[in-house]
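In what comes next, chain A is part of two complexes: it sits with chain B in the first one and with chain C in the second one.
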Partner chain A sequence: MPSSNPPTAAGPPKPDPPAAQSDAPKLSGAELKKQKQAEKAARRAQAIQGKQAAAPAIAAPAQSTEAPKGPKVQQQKRRGSTLAARDIPTRSQKAVAAPAPVEPKKEDKTVEFFRHLYKPRMTSIAGASKDVHPAVLALGLQMSNYTICGSCARLVATLQAFKRVIESYTTPPGNSLTRHLTSHVLSPQIEYLASCRPLSISMGNAIRWLKLEISKVDINTPDTTAKADLCEAIDVFIRERVTFADQVIASSAAERIKDGDVILTYAKSSIVQKSLVKAHEDGKKFRVIVVDSRPLHEGKHLAAALADLGIEVKYCLINGLSHNIQDATKVLLGAHAMMSNGRLFSRIGTALVAMEANEADKPVLVLCETIKFTERVALDSIVHNEIAPADELIIPGGALENWADMKKLQLCNPMYDVTPAEYIQMIVTESGNVPPTSVPVLHRLGNESQ
Partner chain B sequence: MPSFQAGYAPNLGVFLKSLKTQQLESSIENLISLLKRRQIKNSRPCAIATAHLLLRVVAKFRWTDIGKLLERIREVGQRLIEAQPREMVVGNIIRRVLGMIRDEAKEDRNEDVSDSASNSQIGSPQRQHSDLGVAKAAAPPPTFSPLRFASTDASELAETSEDDVFGGRPQTGHRPPLLTSHTSFAVLNGVPVQQSMFNLLSATPSPLATPPGTSSPHGKSAVNAASLAHKIATTSKDLKAEVISGIEEIIDELDQVDDQIAAYAQEHIHSNEVILTHSSSLSVQKFLLKAADKRKFTVIVAESYPNDHEAVHAAVTGKSKANIEGADEMSTEMFVKPLSSAGITVILITDASIFAIMSRVNKVILATHAVIANGGLIASAGARIIAKAAKVHRTPVIVVSGVYKLSPEYPFEFESLIEYGDPGAIVGYQDGALVDNLEVDNPVYDYVPPDLVDLYITNLGAHAPSYLYRIVADHYKIEDINFHNPELQF
Partner chain C sequence: MMGDPDSSTESQSSYEGSTTPPPLSGHPPLHRMATVGNVPQNGKSKSFDIVETYQRLLHEDPDLTMPVAAIEALIELLVQSRAVTVYETLDLVKTQSDYLKSRIPNSISLSAGTDLFQRYMISSLKPSSTGNFETVRQHLLSNGRLFVSRAKAGRERIANYGRHFVRDGSVVLTHGGSRVIGALLGKAAEASASGGNVRFKVIYVMNDARSSESKAVVSSLRAKGVPVATIPEGAVGYAMGKVNLVIVGAEGVVENGGIISRLGTYQIALLAKAAGKPFYVAAESHKFVRLYPLGQYDLGIDQEVIEFKTEDETELTQEEQKFTNMTPKVTERSEYFSTSPLGAPKPNRAVDAVDFTPPALVSALITESGVLTPSAVSEELISVWY
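This part shows the complex of A and B:
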């Protein structure tokens, strides 16, 4: 992929692709688009192991356009670089006829159970559509490398970026904002964000809301007013559904923390952090046990932040969970989403914590804004999940460094798991404290009020 | 941590080599410090080192009677256990050896009995159970354990013990047969239990005051005493050889145990199963490899971060050259090919992913550090949540363990078995101020209660957790269970 190629590059149109050989950056926008589609097709093809033989055929249309920048195609993650290097020459040699039998069988490193969930993750802006707004471009990268992490943070950041997109938007002549904005401007942004990291459920909810808002704009409203209204609506949305909701939840949860409590929490949830800080500010004396896990070690940040405030913090990894659960008096968990069947969808490992807490008869409280509620249901963690790149599991200098060369060895790095509803005693939301069975009710109420 | 293993850091291999050249006493000290410094750790290396050391102890020890030998081994054992109480196999091996010596002695004694039965009429065999040293007035730690008596007797009295000073205490409780040849001799004298009470006073001074076999309170025993002394002299050689070969058998068992366990693999693993395991255990790896000969299945390995992940990573990628301590010297067989090269799909996951993936797992196979008589086990940290998650998903949990890991100890507080590791593995100095501000907890082991385990597979076969106490009883003599801890002896 031409990483030197600015995504919005628009050079003089060159009709035939081979001409680009000398001079890649001069591709036209249309060409770029076509090229990107082709690449995507190729990537998709490679991800499917069973169709190895068919892959070159699918990728064939791509070859002519891809040919010039063969050696740079190493973008595709999740494959040994040697493998990638090995098959690129065959492609650039324009071997359309019969590369399939010759090509050494590429090993599929995806885990079978999760195969439906694998999505290539974009780690650079190269190849992004030219329509993507710079603010969104930056956001995508931040999400992809976990600089912005956490359901709520991503939601807020997305809406803020979309606000910028809307601000810089002008309705092209002959179109109305209502019809044009969503499909032609927002869609590429969303698509790009999703390619950086799959959208969180709260982001999905917010985007659905935003699209609804846009569709509600009266056709006759002048552009500037409409844009201002939309930005205003976004601000209100963030304030109501996130900022205020967080405050309500934090004070509600802080109320439940009593002097002498030992609060166990897992990884890092911003709302749990807010609640603990609030309780601390209220003068409650309590201890916190932060359980954490590889590879993100998010809990370390939480532990550091709380320790800085002077809260007594104990930090352990999930291997110490069963030793520490006995000391805890309450378990506070954050959420990525609440499923309609009352199950909690949250950072991988949460289910273990809830299970142990349940076993030890400790109350489990989930702190969750209603924006994270979804009508989806989940029974296990496999049907719906997010698979992070396996390379994140590698410890520099460790034995895993060239795991990709090992046949039949796979690394699996799911992001979330599903906690059974029976482990959860209470969900603290801004609309009140409810049992897991009430999730669909609250979700409906929330949607109807919209 | 594996980082040391590269250079000259002493490990099992080095220790075994040094055994041949070093003085016995310095070998013992050496092993003690290796255990303390955890340069020999984990069950298997500890067991092998202990067995080899005991072999030397027996070979080097100039012993005249069994009791002394038992005492000597007990003394060495006590020191080793104090060095590293949580390596429970050390105690197990010592108990095995003690029990084995007792058995050998018993066989020996039986021969005696048949010999001498001809020239003296003896009381009923039951009486054998009730005699036992009364000479104890002289024995230093006054305890009431029969075992203790038997042993101190033997050592204190050494040669003089041919006297029938062992009258016998009136004892009503049943007790296992005595095992030393002296005690059998005491019975030969046929002192009635009741009468023996009267011997107490007259007998006690004699062992210390009198030279062997010369002045005995009971005149008629002198003949027997002399003949027995002779007998002991002649038989102790054989006995020594037998004890040594017994220890060698234990060492062989340690070598073969994994293969014996692996022989059961194909009964338990079937095609297309998904097996979840954790940490890096040679036993489990061999077990799975054996099953892989015939079947194709998927293995999911939880990496057990932060204490064992390096070994796990090395094991799955087949770079486990130095991952098992002492591998360099011990052997060929320590090089185990990675599972993936046997055609098994291996999926490495983080410990946190266990619950997520458990719904697709057909069986969980756990490795152990030690097994306790109640059917619970000590395994590397994280095992408990795995077993619990399996229970929640109704997935069977199989524990693979050599019998040598089966410990008769039964602590009242399981936390006492848990060792805590280096917190630096979790929050290192690169985290700066965090090191000072946080309390960090890094348990190395977990206790898994028996109700979370469905099946144990040992080199003897497959057992329910509730049956393990029987195997414990088969392998250890009740007298030896608390040998390192006389106060607890009953």
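This part shows the complex of A and C:
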């Protein structure tokens, strides 16, 4: 199959010679010979394909690279760096270094249905544009390895990093801040962040707001004032749309929790946690069931945090859901985004929990800041989603450890799913409790009236 | 779904523009309950008792709904009050409405009125508005009166919208003693200018506990020449096959578009849904209440509907029941004239109990500003309160 290379990579993944050699001393002479043969064959095959694929792909990013050593050197350098940057599933080395004389073509592990969603993830700062601010560089890596995870946390961290960017910005002579900042400084940052992990809906909303805010800066304002004003505006934005919104949501959700309630929640949402903690502080007597799932196991942290406070917590994986839902009286869910057709876009598995709750006639409450509302609609989880590296699904030492070598085996690790609006009784937002049908109204009031 | 443009938009726009968060719905918070004790200390409120006024208003005018009575009582309070500052006035109205709510069992419906009035006051008493306090107050009083008269006229308009749902030859199932339903069906029975009278039949679900009210509704319909069949509550499922549409009234329309109504409405809605019959609710928009129940037991009121007992019911209570039924008395809203005005409100007995019909079961709401889907209620409330 000629299309066996992942279409997402800029160039074909080429085995990294130094890395392969570092492994070499462990191998016997015969093995080494075989390996070299295989490598050679692989390189040859890829060189042919590379000529077709790499040339147009390289043209664009090459413009921003640093070293002006002539076009050829630059191209090669570029290719090497993207290679290190892209975390293409382990197949590159293991497959090639396998003892048998393997044919160089590797099976395409991309799930066809989700092909449009596969994006290589940046896992190191190599290859990042030189315009990217160090704070944003660090943030991108933190996002890509889930150190900063969750729609709101990422939003706040992004805005904070952008504040640093704005602080260290000086308008070049002959330009104005209004015209220059967004296109020349902010855009590379956003691009880099998106390459680390696709931007969340709330980040998109906030970035749109920030761009609008920058465009509103009067052209005659001195640089320092304009920058201070923008930083101030960002602070106010975070305070109003996240910090204060969270407080309002937490207290109105806590109000919904009555003595004797059994609250079921899925994975971990910071706002659900805040609400439960608030209800506990208010002296409500209730139990919590945390339903969790692989591969991220986010619920463990929630369960531990709640248990530390003395709340009675039951932790189960999603395969225990249909049993545990019977004990629950309410289901509280966090959100990644609320779509305009009232559907909830949230951590994968949420739709299952909501459906199960609906089946058992338990009310489902979604806690969501209006910053996460979007005018987009979602009918399924296929068109818009995020595919995480499939290796996250692998248990080290488990049966599927060498899944990349297994023929006809594909792993798919989508991050989100879409919950139908019928399963949701109420959305608790900072501007009141609304049914899912009112999402567009609140979105219009909150995100578009600015 | 657009009504007469001037009256509906006018009444709504007066509530817009305030940034103050709306008061919490449902029961008054506990610390508010504590301030209720201050009420009798006021020299002027000794002569004025809001609960008494409210009940008198309801008693005097059988056509008055609870939210409107509450608003009218609050207007009377304003007339009598000698508060001279905005905050004094606001606080007075707030404490008095909370007091009223705490004294009346099942305060859901009337809280729609008090909340609306407070909201209205906050927006019209804003310091930015023109004139001194006295003119603002006068303006408020006259506008409040206007609101009350408009609310009464609303019923007529609902009847005008709703009559088109009743088609020639259709069979309408209804229950309860809603005045809106009475007006609507009456209007449908009357000959219209366009052509002839609509011939339709009514299946009325009798309520044993309120048989006098049921009988009054049935006889008034029969007097208009509408054939009425009366069935017990147990026969609703049996009768549903012959029904073309269901129309009921409501005590309150909640934020998600569901309704709070006389006990038994929920099961009728469920049966209508199961049989695929449209279920319409006729309600004035002043019954929209800031409440978002998640289920039957989340209404914020105590109802003694399900009571587990090991002792047998004594014969005496049944005798009493019969006796009270025979007594020719206005039983319609007896719970609102309950004795012991200073005692704690009694939990709703099964007779006055209400249930919650979720929005998924409601086909449409017929209000004076048009025919709304349940989801439009939430939008309407958002536009009023934000």
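One rule holds for everything that comes next: the second predicted complex is superposed on the first by the 342 of 450 C-alpha atoms of A that agree within 3 Å, B and C clash if a C-alpha of one lies under 4 Å from a C-alpha of the other, contacts with A are read in each partner's own complex, and residues count from 1 in each chain.
Rule of thumb we're sticking to: contacts are C-beta pairs under 8 Å (C-beta built on N, C-alpha and C of every residue); 3 or more make two chains touch, one makes a residue touch a chain.
It should be emphasised that the depicted structure is a prediction, and the values quoted were computed from it without experimental measurement.
Asks: Quick one: chain B and chain C on chain A, clash or fit?
Replies: Verdict on chain A: chain B and chain C fit.
Asks: Report for A:445: first if it touches chain B alone, second if chain C alone, otherwise both or neither.
Replies: In the superposition, A:445 touches chain C alone.
Asks: On chain A, which partner's contacts cover more residues, chain B's or chain C's?
Replies: B
Asks: Quick check on the superposed pair: does A:433 touch chain B, chain C, both, or neither? Answer first, second, both or neither.
Replies: second
Asks: Is A:256 touching the first partner chain B, the second partner chain C, both, or neither of them?
Replies: second
Asks: Between chain B and chain C, whom does A:417 touch in the aligned arrangement: first, second, both, or neither?
Replies: In the superposition, A:417 contacts chain B only.
Asks: Which partner does A:365 reach: the first (chain B), the second (chain C), both, or neither?
Replies: Second partner only, chain C.
Asks: Given the touch rule stated above, what does A:186 touch, chain B (first), chain C (second), both, or neither?
Replies: In the superposition, A:186 contacts neither chain B nor chain C.
Asks: Quick one: classify A:318 as touching chain B (first), chain C (second), both or neither.
Replies: Touch partner of A:318: chain B, not chain C.
Asks: Can you report the least C-alpha distance between chain B and chain C in the superposed arrangement, rounded to whole Å?
Replies: Minimum C-alpha separation, chain B to chain C, in the superposed model is 17 Å.
Asks: I'd like to check the shared interface: which positions of chain A are touched by both chain B and chain C across the two complexes?
Replies: none
Asks: Would you mind writing out the residues of chain A in touch with chain C in their complex?
Replies: 256, 330, 363, 365, 422, 425-426, 431-435, 437-438, 441-442, 445
Asks: Applying the document's contact rule, which stretches of chain A touch chain B when the two form their complex?
Replies: Checking each residue of chain A against chain B gives 111-113, 293-295, 300, 303-304, 307-308, 312-324, 347-349, 351-352, 355-356, 359, 380-382, 385, 393, 395, 398-400, 402-403, 406-414, 416-420.
Asks: Would you pull the chain C residues touching chain A in the complex into a rising list?
Replies: 22, 255-257, 292, 294-295, 359-360, 374-375, 378-379, 382, 385-386
Asks: If you look only at chain B, which of its residues touch chain A in the complex?
Replies: Counting only chain B, the residues touching chain A are 298, 300, 303-307, 309-310, 313-314, 316-319, 338, 340-341, 343-357, 359-360, 380-382, 384-385, 388-389, 392, 415, 418, 426-427, 431, 433-434, 437-443, 446.
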